[in-house]
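The structure appears right after this line, and notes come after that.
Labels for the chains are A, B, C and D, by order of writing; each one numbers its residues from 1.
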Amino acid sequence: MNPSPSMVPARQYRATVLSNRPVSTGLIHLVLECDAPFGFLPGQFAMLNFTGAQRRTFGRPLSILAGEGLRAEFLYRVVGSGTADLSRLVPEDEMTLLGPLGTPFPDRPEDRDAVLLAGGVGLPPVLAWWDRHGRETDRAYFGGRDAGDLPRELLPAAWKMSIDRRQDGDDERLFEGRVPELARTDLAATGRGKSFVLSCGPLLLLQAARRLATEHDWPCFVSMEEHMGCGYGACKGCVVPLQPQPDSPDPWRNATCCQDGPVFDADDIVWNRIL
Amino acid sequence: MAGNAERNPVKLPPWWTLDPVAEFRIGPRAFPGRIWTASGCFAYGLSGHDIASSEFDSPYTGLGAVVTKTVTPAPRSGNPMPRLCELPHGALNSIGLENVGYERFLQETLPELERRGVPTVVSLAATRPDEFGEMCEALQSTAAGYEHWHGVEINLSCPNVAEGGHDFGRNPETVARCVAVSREALPDRALLAKLTPNVTDVAELAAAAAEAGADAISVINTVIGLEVDLESGLPVLPRRYGGYSGPGILPIGLAKTDEIVQKTGLPVVGVGGIRTYQDALKYFALGAVAVQVGTAQMEDPFAAARVARDLTRA
Amino acid sequence: MAGNAERNPVKLPPWWTLDPVAEFRIGPRAFPGRIWTASGCFAYGLSGHDIASSEFDSPYTGLGAVVTKTVTPAPRSGNPMPRLCELPHGALNSIGLENVGYERFLQETLPELERRGVPTVVSLAATRPDEFGEMCEALQSTAAGYEHWHGVEINLSCPNVAEGGHDFGRNPETVARCVAVSREALPDRALLAKLTPNVTDVAELAAAAAEAGADAISVINTVIGLEVDLESGLPVLPRRYGGYSGPGILPIGLAKTDEIVQKTGLPVVGVGGIRTYQDALKYFALGAVAVQVGTAQMEDPFAAARVARDLTRA
Amino acid sequence: MNPSPSMVPARQYRATVLSNRPVSTGLIHLVLECDAPFGFLPGQFAMLNFTGAQRRTFGRPLSILAGEGLRAEFLYRVVGSGTADLSRLVPEDEMTLLGPLGTPFPDRPEDRDAVLLAGGVGLPPVLAWWDRHGRETDRAYFGGRDAGDLPRELLPAAWKMSIDRRQDGDDERLFEGRVPELARTDLAATGRGKSFVLSCGPLLLLQAARRLATEHDWPCFVSMEEHMGCGYGACKGCVVPLQPQPDSPDPWRNATCCQDGPVFDADDIVWNRIL
């Protein structure tokens, strides 16, 4: 693979909400204006927190969907109290942002096409990579729960989509089933040469992405999710078990999801310690 | 950090006369300031080094010391995930002292801290008292000439480490033994003993540490706590208990600090629940000579720098 | 009470199968419910009697017991004012066990509670172990025929009473002695020992209490804390320390409950930081047989009634 | 004196802010609409608290200025974080209210005229008494810091006012000095028969009111202020030292400010234990 792309230093920003609106039944698109220019590499994330009485002990990690000038964009789903509070923010509300953080997806190896697999809120880092590096010969797949869950306005026309179950009246082009099946079917139909796989989404998706890559002997990079405290490598609260160093007696070694990750080479992860 | 409350103008009370970024002594050593980061909440002191801000040159601006993540004789991989649980008034952690071991720390980390000029206090833990002596000797032989290595904090108080960690900080004789062997190996660095609040009489332990040669006491480490996941009805942390830290333990840290100051007159470095300059002032009001910022430093890498800045009279 | 969060629909987890307002036994006695008020936060159980609400018939609706304010052999006027200090995550109190003395309590208060049908647990404290026996005997001879007097909670844990209060709850032998003399005088009422969290090993004390005849353990009493007045730099409370209670101590109460349940298997009545049904569920998840609502009852006289209502499956 | 007036039972209310606006430089007039009819007796107070994240461990005791139908009115000064948050409430915000609480001022003894002394935020209970019981032969005095501090729109025309120091352009009728001096001067000028004194305000004012009453052998009732936890007699956090029971060895006995008070017979209080 190419060497790691050059990093934008992390910064603590004060940010103002520009917009915060649903783009599908389950996904909300948050656009912030930062108090200084914001840059990032696809796969990186930021820790977001509230100000005033709503402020939490820890920020909330969200992958960066886009960022340019003073703007930083995110896509999230309400799962608990923090994301619920997030969903109630209105323009001009203030937040804090620490980012960009973490190790991004690698750049494209020129001789390979990308195969991108994203599920649900795993979309932002994969879409960010596509926006920066995507080319016609790449293939991208996204899976949602149902047709309403798909953030159509954000999804590029070239992406193929799957949903768990098609309802009457749903777009006929929607694949019924999971993203990996869609990818397999599509790749089989179109044929593939040397590729590499990037994936973000539920654990089962990441594992399926890895199997797909292994079968073809393609490299595979996945973006992992762990509960985080600091987001910048300070607390060891977010470890992911990696294959042991060659000469080590330990059956695994810990990497921080926030600093060494969230993107890992799928072969480095000791999957059976996670699942 | 950018909370509305925190952007109110700083109001320092008339009794506050210290300069938090001026030199002051603990035992044989002069520290460059009174606001420190706490062990385990700022890694080995390097991971925040490149974070930028429009308010501070770096997260190290104005810091008197970074207390590094506790290292042990052998590397430790720590406890199973999840290791952290956010609480409404702080956090619960069960990191389990994951660390690279003191040897790698001495080879790789401490030289880098010295090179970058980070004022450093090295936190150590062990499973046998004598190991403290061994580690301190190794420190001394590697780093005797270091300018920015100011001292050692011996961590006698890890409520979340299973193998006997409890007993260290709970028994005055053991505390004394750990301190004594460390003192012997450290002629010219500050020696701090960090105590657990999870005991009946913390002042007794502080006195034992002082008698054995500690220059100061750091209190408090985390308070034993538990959180239940409502859905499953099970403790959130695989080991059930964790260390409670953050704003909710401030009154406890203040009480323990006061008990030690009142009953022993020892220099105390106050830790526990500090997020703002007001929190820090409360420790100083009780006689603490310095303070450490822990959990708050995780959310805001500039938390300690902010406290130092706010406590500096214009 | 009327907070937005609290008006969300109640969601009970599948593992929750108890009926909080059904009879259940502790030792020789059947209690009418599992949600109680904690000692000292609802006076002698009478002062809230006439408070109205559009949601509840009375603050007593659904309560399994009111634990009355601790009474002592002699009347006590308590500590100097101020005795209370609000904290961001709870409160600090130093009431100092102000009470009318057990004699007046027996003559005036307990009969009135019986007359009004308030399920009652009488909280007692003393300065010598034998005094517990004397007070229990007096209780037994006055109230042997009472229907609503269900038991006695002996308060071994007042961190804010100067004269030796500390030692009661800190020494297993003393705990055992206090329990044993009480048990002897109380053949047919539930006997609860209330323990302090301010000790190294609460399970050891619980085991001592159980061995001496306690039917259950109430944990926790308040946590020793301190608050500083920023303006003056002095502790807010004249006695410096106070008892920390409220939401900030919930993780500590849960940990102590769990320690006792895990190590001794005794029935535990969980106390500490309970404000909502979710908080109560966490204690029940760990095996508590009942819970007490303290500080929250002060702000909202219907806090315990609310918990009982919310925990009742439709 | 007359027996204690008949009490309205305390109730836990949900209340909505109708208005919350300054009526002088230092005083804010809060009007709430309760979810059930509200009644009170002059001298009683309520515990107010916020809902949601602002909710405090303890309510804030405020004397009741007025109450009728669903309305409850208060007058307060910003002194700390709770009253600061209170001052930021806007119409339709929600609060909780526990009240009316405490022992009110006594009713008028028919054969006596009232002499009312109020200072600053001590105004509400005294004004409430005046509104309910005042007659032409009563005398009422109010003191503020300066002319701007006087809530003119609330003060009856018959009341006399003092301020600490008169500035150029201030109303000439404003007495320069403290309320007790104003009262003494005025009572000396107008002459007084059998009276009784009611007072609320700073401790020094209450003591001066008591001295005034003692000199004339008039009864005197004062409304006391103590930090409160529960407000309804449950916690013993708010005690006021009263004269000992005749046969008691103790040099004083405690009364709760919230239940036995806040109104006390000034002769019952052991003043030297308070000051």
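Structural remarks
Just so it is clear, a contact is a pair of C-beta atoms (placed from the backbone, for glycine too) under 8 Å apart; a residue touches a chain by one contact, two chains touch by 3 or more.
Not measured: the values here are computed from a predicted model.
Look at where the CA atoms of chain A average out and do the same for chain D: the two points lie 61 Å apart.
Computed from the mean C-alpha positions, the centre of chain A lies at a distance of 35 Å from the centre of chain B.
Among the residues of chain A, none is found touching two or more other chains.
Shared contact sites, meaning residues of chain C that touch two or more other chains, fall at 87, 89.
If you draw each protein chain as a dot and join the dots that touch, you get one closed loop, with every dot joined to exactly two others. Chains touching one another form the pairs A-B, A-D, B-C, C-D. Here chain D touches chain C in the complex through residues 9-12, 14, 35-36, 47, 49, 51-52, 55-59, 94, 96, 98, 226-230, 232-239, 250, 252-254, 259, going by the rule given at the top.
Of all residues in chain C, only 1-5, 40-43, 47-48, 50-55, 69, 77-78, 81-87, 89-91, 93, 95, 98, 246, 295, 297-302 touch chain D in the complex they form. Taken together, the chain B residues at the contact with chain C in this complex read 13, 15-16, 87-89, 92, 170, 198-200, 223-228, 230-235, 240-241, 244, 247-249, 251-252, 254-255, 258, 262, 278, 281-282, 285-286. On the chain A side of its complex with chain D, the touching residues are 53-54.
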